[in-house]
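Look for chain A in each of the two complexes below; its partner is chain B in the first and chain C in the second.
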Partner chain A sequence: MTLYGQAIISGVLIGGLYAMMSLGVSLSWGVLKIINLAYFSFILLAGYGSYELAATQGWDPFVTVVAVVPVAVVAGALLQLFFEKVNIGEFESLLVTFGLFIMFESVASSVWSADFRRIPSTANPYASSSLKIGGFAFATPQLSAFITAIVVGLLVKFLLDRTYFGKAVRALAQDREMARAFGVDHRRVAVLLAGLASATAAIAGVFIAMSQALFPGLAVEWFGIVFPVVILGGLGSTLGALGAGVTIGVVAAVASVTWGPSYAPLATFVILIATLLFRPEGLFTRKASV
Partner chain B sequence: MGFPIFYLLFGYSLLFWFAQASSWNMFTGYSGYFSFGQGAFFGVGVYTTGVLAAKRGWPLIAAVPVAGILSALLGLGLGFVVFRLRKLQGEIFALVTLAVAFVVAAIARVSSKIDGGSGIALNEVKLPDFLGSFPSMMFRLGLIIAVLTVFAAATIQHSRLGWGLFSINDDEAVAEGLGVPTFRHKMMAFGISTFFAGLSGAVHAVQISYITIEDVFSIRIPLFVIVMSVLGGMRHWMGPLVGATIIHTLTDRLNRAGDLDLFGGNLTLSLSHLNDVIIGLLLIVMVLAVKDGLWPRLARRRWAALAAFVLGVVAARIWIPDMSPIAKFVVGELAAVLVLLPPPALVSRWSSRSGPPNTPADQPPEAASV
Partner chain C sequence: MTRSSRSQFPKGLILLVAFAMIAAACGSSTTDTTAGATPDTTAAAGTPDTTAASSTPDTTAAAAPSGDPIVIGSTLALTGFLAPTAAIHKVAGDLFVKQLNDNGGLLGRQVEWVVLDDESVPDTAASLYERLITEDGVDAIIGPYGTGTITAAMQVAERYGYVMPQHTGSLTYTYGYDCQFPSWPAGRNPNVTNSELLYDALESTGTPPASIAFVINQFPGTMYVAYGQPDTDEGGAVSIAEDRGYNVVLDINYPSNTTDWGPIAAQVRDADPDFLFLGALGVDGPNLIAAMDALDYQVPGMFLQWPAPGPMLGAGDSADGAMSVTAFEPHPPFTDDPGYAAIAQAFSDAATAAGLPYTAFETQASASWAAWQILVAGIEGAGSLDQAAACDYLLNNTIDTVFGPVDFDPEQNNYYGDLSYIKQIQDGDWVVVWPANGAPDGVSVQYSPEG
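Moving on, here comes the complex of A and B:
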């Protein structure tokens, strides 16, 4: 029982990280109609950036967020400007960002090689520390990622639901032409939103660098986590991404405790396929919502 | 065969990519259903050889057709579920096929009857000795499969099935309304496509010789078939062949070129790392600027392209005489690609005296800007 309790706790916590990783892809796909695989590269490169600052400059891993996020925001906004310039369709975006993804992966492997890179434990005291409550361990990196994911998720939700910018975003998501006719500056909203999405990706990268070893092939493995979360949560849905991230995290953790770690991706994909077959709009959204 | 071994192996790899890219394109290119799942079908082929030929001692020749059939069964099973759902079109279909590749990889990793995570060595496989030494046997097997695949792709293109698939590509709802049996057409094309993907994978297993989940199900196979077909053009069976030739010769030369010393040795640039940057960049440029691929343009500007090719080869021969023939071919081919890149509108304005072009190649601007 303790084993399953611990598995569920780890699953919930890692689910927060999954949600952070998926939020950018989900917003970009749901609102901007761009399936941006480059966010996977942003997560990876942000992780490497954090690793570099912590390992060679001796920064505290948490503090690296300050340096990594602005760079990601600028990169994401520039990329979106480029997409606006060439007027890209939903499907072409998948291919174009696949090309970008391959380029970034090759850059990462020529700069940091294909070896595992981990922030040394002297520079990263959090990796091995955990909070113990009643016999259950809450690993510090996952716990802080989970709390951050909740905070960021609620902030984004607030931004989209309660502000004028959010209103413009929702208008765009519903009907792009009509929103434009009513004076929504599509380009500006899109660039701002892409910057926001990149920021969440970069934060996810920092937490990943804190909790595990990095290697260039990692980004491809995230496909198997992020797309199930995005589909399950519903495109463009912030709270959906949180719920789906936790669901996927728990299912993967329980599957790996019950049958062994190799079964975790299998369980995740069974959920993905089942969602696509029976509820393609996602578990956590009402049919008509964004 | 009297060829040097290097050329036989190079030729085999080229034929392998012909088969893979053509098999992918005969479904995706014609129907517009974009599959990221080529790795799954290739992988089923590779692992069928791995299990039947290496673990159970079947001769390779017997394992190959079984591989094709198993791969086609997987394709048909997937298609049976997916093609019935209206919602699984476009990018969702692409992601489902990507997911299938991950699932097949996960099953192979979990099951100790298939791989179990340790990989399979294929050096004990019974090879068909009557086809000659290993390199020439590979070349012959590769040639047979590539010819069959390309023949199937060309036949489908010019058949009722092909016309049906192209109409699905243009507008599936309209095609269905006009009486095209869309479900049956998609199933047939996907079945044939995955059959050849498995066949080609089964032979390729012997070439890899030690198969692991990570290598077989990596993103490389789907990436390369997509880039090759997009580069060459997806609506004609020649497109993947053109794309595969360009990509394979180019990456082969870059991989062999080693390091390039710049600034008197102060900066070394590894050309093999450049490979993926070039592949990615090519994909982006082609998708954004040359939507139809090179083949339609090659058909229209064949003499200009041929002249550029010959000029490139001759120039390479004069400047760097000790270049390998493949490198000279690459130089010529890049020169030809340069001639093909300018958009048709620009070319027709420039050569307006020789009469208007026969057919406008690109879509009208209002269709492109949506």
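Moving on, here comes the complex of A and C:
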């Protein structure tokens, strides 16, 4: 039981990290109808930024978030402004952001080389630390990501449900032209939402830098995590992303200890395929998202 | 509502630019290494006499190369998941070619190394080698980095009869091409010899482990070392451990892209082995160590198959005593040869200039160096660029490499025996500990089941 309990805890916590990684893509795709692969690059580059500040400048890894998030917000907002200027559609966004994704990988390789970069343990005491409760361990980076995912998810949900900005976002998601007709400034709302989504990506990047090594090709490995989370959680659903992340994390962890770690991806994709077949709107949403 | 024509033009332009970006980024990159991007390494100590087991051909009074350059083609994983380690091979190859050219070139001609990006994809590597040979008409080739790409490229080399030195192919039993020459000195049967070497090292302490846990990356090479060749009784690390009386308390495999190490760490903790055999690649080691540390659990000892050595040194106190396999380390007795000491320093300088975080001239870099030595020896021995003549020369002569003199054995897929050593993290750095002839004075295996 201890083994299963610890594995489930590990799965729940890493589900929070998965949710943080997926939130930006989910919001962008669900609301703005932009499949923004550049968010994967934002996660990676934020991770590199955190690495640089922690490993070479001696910043506490948690504190690096105050530097990388504002940069990501501005970058995401500018990118969205560009998309708005050229009136980019869903398919075109996939193509353009894939090009940006490749470009950013080259940038990362040029600046930090293709080799692994890991914040050394002397600068990152959190990688190996954990909170112990009742004989179970809650690894610090993953626990922090999980708590942050809950807080951010609730904040974003509050923003979307209880503020004028949120109403505007939901209106645009439901019917862009009608929302415009009622005076919603689509461009301004989209830019602000993109900045918010980029901030979540940057936060995820900080937690990733805290828990694993970085290399330029790392971001492509997240496709197999983020897209299942986005689909299972429902496009544009913030708490759905958290629920989906936790579901995937737990399913993979239980499969790992039951049949072996090699079965974890199989279990994850069985869930994904079943969802697509029987509940394509996602496990955690009603028919309409956001 | 129709979109205005004014918004169509910039969108179309954006799409065109996007296609161009993707095509440029996904398309193969070429690098002319004769540009000398690496630091000047023409110090005399770096180019010793080849009558010793030394670095580059004896050219102490060499004339400057002249005539058309000899073009040597290859791919490397300049992008993709293999890129971190391929970067080491790029630096090593650039340095070798520069030193070769600074010392008279090859057959009196300058050498140009054309490197294309196979993006860590075997199919891409195969098509690029096809292009290098049939369209670009390169004079010779050298293998890429990584088992998958090497295996794919070898088919092309065999089809066109090109000599192919290769440094990192791990599926040794599949390499039946007569003119492929492996430089990684793990021998034809690393599944047996690697394991025996490790267990010998552990038993040399007088306090070997009673129980071993096996956690194996599903990468074909690590699976081969752990379990042996499929559909044979050869066995590997797991079965040999059982044969030698060790109690195997855990035997699990994990996907290469594992992100959640918590469940694996929990399984290891519950198995509570005296020793952990981690069939690891890249940064699997630090990831698992961190996950085990989070559980307040440390194994008394561990072995990692093919880790990225740098990140292990930054993995904290729990990584102390971790072992791996190596063929060359930049310390005595390997650097007793002043030529190789100079090469090690030159590589370190070049790797630093290239921005690599770990700059030691160790296994990967030395295997790359040896592959180049093999290629050069074959061409020089043949006295021409004739591939059949070069292949024949390599098969029938002793070749000096950074690992010592080697004789390729066609009965063993041209492998020349296991010249590996066990290295261990001691006092914050990697050092060879076994066999004793590879260890510095006073250094030996440190292991106890009590930790």
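What we mean here is this: the second predicted complex is superposed on the first by the 287 of 290 C-alpha atoms of A that agree within 3 Å, B and C clash if a C-alpha of one lies under 4 Å from a C-alpha of the other, contacts with A are read in each partner's own complex, and residues count from 1 in each chain.
We take it that a residue touches a chain if its C-beta (ideal position, glycine included) is under 8 Å from a C-beta of that chain, and two chains touch if they have at least 3 such contacts.
If you're wondering where the values come from, they're calculated on a predicted model, not measured in any experiment.
*Asks:* When the two structures are laid over each other on chain A, do chain B and chain C clash or fit?
*Replies:* Clash - chain B and chain C, as placed by superposing on chain A, overlap.
*Asks:* For A:102, is the partner it touches chain B (first), chain C (second), both, or none of the two (neither)?
*Replies:* After superposing on A, A:102 lies in contact with both chain B and chain C.
*Asks:* Which partner does A:86 reach: the first (chain B), the second (chain C), both, or neither?
*Replies:* The answer is both, since A:86 touches chain B and chain C.
*Asks:* By the touch definition at the top of the document, which applies to A:231: first (chain B), second (chain C), both, or neither?
*Replies:* first
*Asks:* Does the superposition put A:265 against chain B (first), chain C (second), both, or neither?
*Replies:* Both partners, chain B and chain C.
*Asks:* Could you figure out whether chain B or chain C reaches more residues of chain A?
*Replies:* Comparing chain B with chain C, the partner touching more chain A residues is C.
*Asks:* In the superposed arrangement, does A:120 touch chain B (first), chain C (second), both or neither?
*Replies:* Only chain C is touched by A:120; chain B is not.
*Asks:* Answer with first, second, both or neither: which of chain B and chain C does A:7 touch in the superposed model?
*Replies:* The answer is second: A:7 touches chain C but not chain B.
*Asks:* Going by the clash criterion at the top, which of the stretches 41-49, 77-85, 131-139 or 437-445 from chain C hits chain B after superposition?
*Replies:* 131-139
*Asks:* Can you give me the overlap between the chain B contact set and the chain C contact set on chain A?
*Replies:* On chain A, the overlap between the chain B and chain C contacts is residues 86-88, 92, 95-96, 98-100, 102-103, 105-106, 109, 217, 220, 224, 260, 262, 265.
*Asks:* Could you pull out which chain A residues touch chain C in their complex?
*Replies:* By the definition above, chain A touches chain C via 2-3, 6-7, 9-11, 13-14, 85-88, 92, 95-96, 98-100, 102-103, 105-106, 109, 111-122, 127-130, 132, 137, 139-140, 142, 177, 211-213, 215-217, 220-221, 224-225, 249, 252-253, 256-257, 260-262, 264-265.
*Asks:* Where on chain A does chain B make contact in their complex?
*Replies:* Within the complex, chain A contacts chain B at residues 35, 86-92, 94-96, 98-103, 105-107, 109-110, 217, 220, 223-224, 227-228, 231, 260, 262-263, 265-266, 269, 272-273, 276-277, 280.
*Asks:* Using the touch definition up top, name the residues of chain B that touch chain A in the complex.
*Replies:* 34, 81, 85, 87-88, 90-92, 94-96, 98-99, 102-103, 106-107, 109-110, 117, 214, 218-219, 223, 226, 230, 270, 273-277, 279-284, 287-288, 369-370
*Asks:* Please name which positions on chain C make contact with chain A in the complex.
*Replies:* 1, 3, 7, 10-11, 14-15, 17-19, 21-22, 25-26, 78-81, 83-88, 120, 218, 252-255, 257-260, 262-264, 266-267, 270, 282-283, 286-287, 289-291, 293-296, 308, 310-311, 314-318, 354-358
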